[in-house]
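The structures come next, written out as structure tokens.
Below, chain A partners chain B and then partners chain C, in two separate complexes.
So, the complex of A and B:
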């Protein structure tokens, strides 16, 4: 498949997201999701019944109940019945499934959404349930502790130091000042150690939120959007689960996914990286060969708002939105899943020449 | 990208999809001898052996299961990447409630149909002994009133509604259970092997959720099912006859709404109609040779016979009662013993899809239907709201 353009022109034609909030006690997931669904439909002028395929991403472990995605479906308005599917992971993978569906020609438009409401629990503890249930999960190593192992490995390898990490955090939060959804009130201090060497500023603010994207094929996309963000390629790869067998300073799965998505064929001008920890941006920049000419995380990235199961889809949406607005011609969107960047997805988006 | 011309640049149409490998575990109440990784690997290795392929031949892995609470592992595919040979490959996790086993196979099939990958391993599992599925399915307050215990409590009123609407005799459910449990005796992978089963025993079993008796209910199983899906060139290299996908579809509708037909949901009818359209089926009763359908409670056989267009409304029970759905009948249903004999929930849909494929490959052993050329695999989930189906054939699609 290497170097082969997709069999069909498919573009992101609309993107919407909630303001990402620390707690949303007064909102159900459906109530959180409804406004963004309406936002993307309104932007394209499409009705629910115009959508050929619907796909969502979410996790029962955040909601604390089985089949949590079924309630969200009520918000979509799945009547008459719709062609629909769901992935139990970040919405970026729902976008991948929808892209595949459009590639087959079975649908011309797709609605993709994701929702994550982590405030009812301690997301740091909840994520430990992702780990090997026999050998690792019983020890409850939390997400910050594992990211700190990775950060320390990077420092030991000479790839970064604490002041460089602080620089990543400061740059992300400064960028977020222009992002009305990010909800980070000004640049916070780098703070105390959470788990050495990571300080408060190196860690993602846990947020509740939702996002939605509409995909469309060919001329349909041109009708729905003035400047569609054409998907040049998407690929995703997974690595071994055991941290002990991985080189945590590198991300071969990101590199391979980028290669397969065509990211290295020409330079990108923008990259939205799903790096919940400042140290993970260092790993991703290296794997993706991004230099200082690339505008990395102009949205502020996951360091400014990290609604779990949504933040990856937001990266693709933010990259696409910059193309829509004419602020980018070729952008990369990245999403991650699992401990210490175990699984990675890369999408390459392009706008028509101006 | 803008240099590419028409929407369907070059390669028009979908790549045909073939099933060339099938593997199942022996389904049992509790596999204490293996980890979750050991369970899924067992099914995957058997599918690879059936296809005479190795891990290196697999381009991507698509995995499905029902709620993560059943095993107490969040997104277990992350931990299973190594066991399923997925390291360095794409791995996608699907979750669409009880229909997930079928949906997972369809997502995998689309990777081939879209020509993104050539050969894909798809697998679904549940290791229900890790928890208690009945209570896992009973939503806590405040999401649901504490009136229902497990899926049976949810579905029993809909069965009762069917009996009232159709006027079916009370005994039809027991006929289905008696048939499926006997069919299971011919399937070495089935969970329940009740050698001393009689119709009288089914009818005398305790009432759980009126009108559903204990013997008319699915068991709780540990099990996995895997399939190797491939494109035309992969099928040409297959050592055994492939099963060809002739049509596949998913449909969803909301859980509860005024006017919802719980007995025969529109999403199920629409899903079947889409599959038949793709496969060029005008009269499913005549053109389809057998069905593996998702029947977790006996009465769902006549209900789905109607929903899927094999019988007119209110007439499905007559097919069951007259023996049409028996293994040697005119339209055998659940030759494998079905969900009533084996229910690792997340895998149950894929087992239906795989058993349909086994039939058209002529590899179903003792429960083979002679001359099965076109067989339907069916799955449903949630509150009768998620449907996934495929029709497989012994011959490749002509369109």
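So, the complex of A and C:
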């Protein structure tokens, strides 16, 4: 398996994202989503009826709206019925499913999208509902609290300290100054403790947004995109269920996913890491063996814009877009889901030699 | 521009969950102030215990009692407790490795402030006054500098084992329907039914959701439809809905309003339930102060020809 190239050449040929906003009261999910769907279709010249497979990622819990993903399907022209699927997690996993579908040869093009409208609820509380329902969820530990336990473990292990975390946050927000979609462009003050040791600046601005990607195989990809971002491998892995069983300072699942995706075969020049909390970037850099030669999160990362269920797909999209623009030759895209980097996906993308 | 519609929305549900044998023993033990772990094949003791080995996925059933005292392995100071959390005053979230266990348990630590908490500190369980067999039978942890008591050697068999938990969940939202549906709802309050036309296929969607599901494009051209319409299909409801003051049997129907390319649904009144039929012509009946039609009633017109509505059935 290791070192074996994918059975088919498949590339990300287009990527689009909304501006990520604090609230989008005036928009339903499909209204928020449609502009990015049209953006990626326009960029490739494809019509919805040209798409071989459609796959989306979202969670009804965010907006408290049952079957919101079926409503969102209106935006892709899903009637009469199309070949379509949905994952109840970050859209990066929808991209994985679409990649598999294309690898089987059942489709040559795929539209992947994700939307997250968390402003109607409290995302810190909503995310408690994904935890172990017997031993953990009844205590309502919110997403920041769990990340803070991980951050303290890293501090105790000597892997980081509060000023180093502030440095991660500042670097991310400074990078986002060039990102017109980011919600927090430019460095804000590090702020007060939310749950100590994490301060406002260490936490993501988790708000509303959507993103879309188009995948295409072989020559189709070359026709649709001047410099396709070829997917050399994707893999995703998960940690043990219970937080107290894990070493929170490490991410063996990320390392294994990266290995299986071929990330360690040759160095990458760019890495888009889905680290919603500054402390999680410390864990990911270690797991992925990224040194200072790698450009980490030039988009500003999830600390600058973290629409829940979308931010992982955006990482792969941002990595691909840098290849499209000729700013990267080999990039890693990472997505995470669950508390304290519970589940991790790694994609390795390459551009043809210039 | 009309105001953006919003309304509070509470999603609340008591999840009833059954327990596996290991979870059952652990939670029954908490009720009896006994803490149990489970042994893995490689000899580690997991607390809280799980049904399957996290490394090998084997069934594990070998229960062992551990101490109610332990050591903090990491912590986080929560100065603003949120609803449902173990304490309603500032506290520390902690992972605690109980004496005799090889893994850590998540809970709250009652401490006067962050300066009183550190990794490595010794703590013990403070039991809840009333215990039912749930993780909340541990009220929280508290600082403790005494010796670790000898564990009792309990085998996990109790009278009246707990076999399930009821976990209430509640999430509060502020619901906003978006532009298209807000326009629809606002028009209804003025006793007008407004759909939206697809710029591509020209179909009129009622109620509008902002997109044409066939063409995948935004709809925005508003079209007033009705008020009259045609019953395209219907059913007879014989079961009384909770909190709904309507006598059964009654008829619930799909109604294609004149000018609409999609049927909406509503109750049919003003006619015996067994006389409702496909093709029946109906009009809305608005109640005083109502923001939407209470029901639809026959207009007295001749029935519509099937050919005129067959695409909308």
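In this text, the second predicted complex is superposed on the first by the 352 of 354 C-alpha atoms of A that agree within 3 Å, B and C clash if a C-alpha of one lies under 4 Å from a C-alpha of the other, contacts with A are read in each partner's own complex, and residues count from 1 in each chain.
To be clear about the criterion, a residue touches a chain if its C-beta (ideal position, glycine included) is under 8 Å from a C-beta of that chain, and two chains touch if they have at least 3 such contacts.
Keep in mind it's a predicted model, so treat the numbers as computed, not measured.
After overlaying the two complexes on the shared chain, residue contacts for A:31 are found with chain C alone; chain B is out of touch.
By the touch criterion stated above, A:232 is placed in contact with chain B alone, chain C being left untouched. When the two structures are aligned on the shared chain, A:353 is found in touch with chain B, with no touch to chain C. In the superposed pair of complexes, A:302 makes contact with neither chain B nor chain C. In the superposition on chain A, contact of A:213 is made with neither chain B nor chain C. Shared-chain residue A:127: touches chain B; no touch with chain C. Using the contact criterion defined above for the overlaid structures, shared-chain residue A:195 touches chain C, although it does not reach chain B. Once chain A of one complex is fitted onto chain A of the other, the partner contacts of A:241 extend to both chain B and chain C. In the superposition on chain A, A:104 contacts chain B only, with no contact to chain C. Across the superposed pair, chain B and chain C both touch chain A at residues 61, 65, 71, 73-74, 77-80, 126, 129, 133-134, 137, 240-242. Partner chain C is touched in their complex by these residues of chain A: 25-31, 34, 37-38, 48, 61, 63-65, 71, 73-80, 120-122, 124-126, 128-129, 133-142, 145-146, 148-153, 156, 193, 195-198, 240-245, 248. On the chain B side of its complex with chain A, the touching residues are 1-2, 4, 6-11, 13-14, 35-36, 66-69, 71-82, 86-97, 103, 107, 110-111, 113-116, 136-137, 139-140, 143, 249-255, 257, 265-267, 270-271, 274, 382-383, 385-386. Residues 4, 6, 9, 11, 15, 17, 19, 23, 27, 46-48, 50, 54-55, 73-79, 82-86, 93-95, 97, 103-108, 114, 119, 134-136, 165, 167, 169, 171-182, 209-218 of chain C are the ones that touch chain A when the two sit in their complex.
The touching residues of chain A, counted against chain B in their complex, run 1, 5, 7-9, 54, 59-61, 65-67, 69-71, 73-74, 77-89, 93, 96-97, 100-101, 103-106, 126-127, 129-134, 137, 217-220, 230-232, 235-242, 252-253, 256, 337-339, 342-343, 350, 352-353.
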